[in-house]
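You will see two complexes here that share subunit A, one where it goes with subunit B and one where it goes with subunit C.
Moving on to the complex of A and B:
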């Protein structure tokens, strides 16, 4: 069972939900795909950490072989190459497609590995914690996400995997949810929250992923996110109240389900509900 | 044009809430929402007239003509983004295609071709006094950095003589953030007093530092964790980063936003505090005319 937790808007509680689900679902695997700002490891404080450097391939020029034909410059759709008095490579805009090497007739280009970040694997009790970390200044964490998802894919089918996604609805989120069996959308009760919930709602619908919504930071009175779910017939999986105590635990990077029975129960119920949803989906499609 | 960019690293710390307050307080004649993955500033800036809309074309995406495809598999072997699926006929997974054109180059049958496609929509609101530039990236598209650059270019073009502009950024530290950093005079980081918030703040400060942009820090929801709020202040002091104030958590802020108002439109503690942060920020931004202005022209989409 692979569960992706996403939200569109940032700060709605993706990490809160993913970390706590992985905790009550242990033995489990928690995968932090928010490689630009990974936070799950701050909660789990994993030990026995193994680190793997993630690299991409960047062209290097053999200036003695380069004839200045500019074929590679013309080919590169990312403008990562330019020819002045010699061929220049702009590493930070290179997408590592390898096209320049293919078009070079003179064998003047080769590739080197460039480090863009790392994947950390560790354990926290019965939870395996996989964290992707993009180096500041790097543009794309997608190669790190690929590595994370490959690693987590090696796990036994019976071990639940919880994927903490980056915010937004761009390519990086699609990569994160591609192999998920079910998506948990976390929404907060503001008009911002609803607007962004609508975007991820479109995203999971486009990908034909089964999904449900967790309403977080619920205050008394009207909840625009709840109204949105009712209007669109979206399953509400759980309601997490706005609670200073929970806020404090969370801001100190403590795992609520370990600290407080009420929250242990809340997330346990959420996990059961999600599990049931996944089972129903499997039955419906078999 | 002096440009102030509001960033946070972590999402949901209050970038848009603060940006909208700053826009109100400054009467800014130019502003933009660069969070093209999840834009929200338009919900709260009170524009009723329809914007001028234009299509945004990102990089072209590959297509394979099944009638011409011979199934030689070369495109799949050469695609570094695993974007080509084999089968009875070969097809391109448009969502992961980065538009490099390698498949088109290696295809001996002329079946793989690069096709232009819309990847989003740019929207420009304007009246006699103000210009507001925003956009929305199409679901699941890449090239958000390029769209961010277009949002900023639209704003500058339409409000050339505006002395000051406010730009609402996106969370994270990757390509849209890097694109938004280019050419701005100052970054204001909205930090949140949580362990996650501090970690994310440190990463965005390092990223802004990589691109040489002056950075100031404020704290939002500061009273939700006093210990962590202190840690942020100490961090700023140690690094010599200007600290421009703090805003307490305020339930009225949620109410104001849900009414489509900014926090300085109503009488509330967060509004008063935001005003203090605004004044400190402006002082810093206009301290020395022609102050450090690092322009790093990005070659293209990041």
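Moving on to the complex of A and C:
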């Protein structure tokens, strides 16, 4: 069972939900795909960390062999190459497809490995913690996401995997949810929250992923995110209150489900609900 | 001398485009013949790397100078590698900027921005 936790913006509670689900679901795997600012490790404090460097391949030019035919420049769909009196390569724009090497008939292009970040694997009790870290200034963390998801895919099928996605609904989020069996959307009870919820709602609908919503920071009174769910017939999986104690636990980097019985129960129920949803989906499609 | 200007329309009354890489056209004005021709910017709708491709078009046009309100880092790398000098436009009208440039009244473009790449889009 692979569960992705996502939201349209940062600070909605993705990490709160993913970390606590992985805790109550242990033995489990927690995968931090928010590679620009991974923070799940702050809660899990994993030990026995193994680190792997992540590199991408970037073309390098042999200017003496290059004849300036520009076949590579015309081929590159990402516009990562330009030719003035010599070939220019824009590393940050390159998507490492290797196409330029294929079209070069002069063998003027080769590839070099460029380090873009790393993946850390550690353990925290019965939770395996995988963290992706993108070097500051790098344009795309997608190669790191691929490595993270490959690593988590090596586990036994019975071990649940909880994927803490990057915020938003861009390519990097699509990569993070690609192999998920179920998506948990976390939403805030504001008009702005509804806008962000709608972004990820459209994304998971486009990917035809089964999904449900966790309403976070719930206050008494109206909840625009809840109204959105009712209007669109979206399943509400859980409601997390706007709670001072929970805020304190979080800012102390403590895992609520380990510290507080109410939250242990809340996330346990959420896990059961999600598990049931996944089972229902599997039955419905088999 | 050939003078390139990012343009909103493909006629000599055009305004200068606010964006270099995503301009609809480039006006290439020949100061000797006093004639302007327009190049379609095939990079205008590119998902990424528009500035690089657009700069390539300007380089290929044979321009000696580029008059533009602003220019991103990647585009500037291509423009400068081709030894094209960049000047900052001061007026809305493309032609008015060309005239001002020919009178030596346009300043160098010395601020290159880091680009508006929407990685979080």
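The rule is simple: the second predicted complex is superposed on the first by the 285 of 286 C-alpha atoms of A that agree within 3 Å, B and C clash if a C-alpha of one lies under 4 Å from a C-alpha of the other, contacts with A are read in each partner's own complex, and residues count from 1 in each chain.
Here is the rule we go by: a contact is a pair of C-beta atoms (placed from the backbone, for glycine too) under 8 Å apart; a residue touches a chain by one contact, two chains touch by 3 or more.
Here the structure is a predicted model, which is why all the values come from computation and not from measurement.
Asker: Who contacts more of subunit A, subunit B or subunit C?
Answerer: Tallying touched residues of subunit A, the top partner is B.
Asker: Regarding the shared-chain residue A:25, is it in contact with subunit B (first), subunit C (second), both, or neither?
Answerer: Neither subunit B nor subunit C is touched by A:25.
Asker: Of the two partner chains, subunit B (first) and subunit C (second), which one does A:134 touch, if any: first, second, both, or neither?
Answerer: first
Asker: Which of the two partners, first being subunit B and second being subunit C, lies in contact with A:46: first, second, both, or neither?
Answerer: neither
Asker: Looking at A:244 after the superposition, I want to know if it touches subunit B, subunit C, both of them or none. Which is it: first, second, both, neither?
Answerer: A:244 contacts subunit B only, not subunit C.
Asker: So, does A:93 touch the first partner subunit B, the second partner subunit C, both, or neither?
Answerer: both
Asker: On the A-aligned overlay, A:78 touches which partner chain: subunit B = first, subunit C = second, or both, or neither?
Answerer: In the superposed model, A:78 contacts both subunit B and subunit C.
Asker: So, A:59: does it touch subunit B (first), subunit C (second), both, or neither?
Answerer: So A:59 meets neither subunit B nor subunit C here.
Asker: Which positions of subunit A sit in both the subunit B and the subunit C interface?
Answerer: 78-80, 82, 90, 92-93, 139-140, 168, 170
Asker: Which of the residues in subunit C come into contact with subunit A in the complex?
Answerer: Of all residues in subunit C, those touching subunit A are 43, 46-50, 52-53, 55-56, 59, 74, 77-78, 81-82, 117, 119-121.
Asker: Any idea which subunit A residues touch subunit B in the complex?
Answerer: Of all residues in subunit A, those touching subunit B are 8-12, 15, 34, 36-37, 39, 42, 75, 77-80, 82, 90, 92-93, 95-99, 102-103, 134, 136-141, 166-175, 188-192, 195-196, 199, 202-203, 206, 219, 222, 224, 244, 247-248, 250-253.
Asker: Which positions of subunit B touch subunit A when the two form their complex?
Answerer: Touching subunit A: residues 8-13, 16, 37-38, 40, 43-44, 59-60, 78, 80-81, 95-96, 98-102, 105-106, 137, 139-142, 144-145, 170-178, 192-197, 199-200, 203-204, 206-207, 210-211, 224-225, 227-228, 251, 254, 257-258, 260, 298-302 of subunit B.
Asker: Inside the complex, what are the residues of subunit A that reach subunit C?
Answerer: Residue positions touching the partner: 73, 76, 78-86, 88, 90, 92-93, 139-140, 168, 170.
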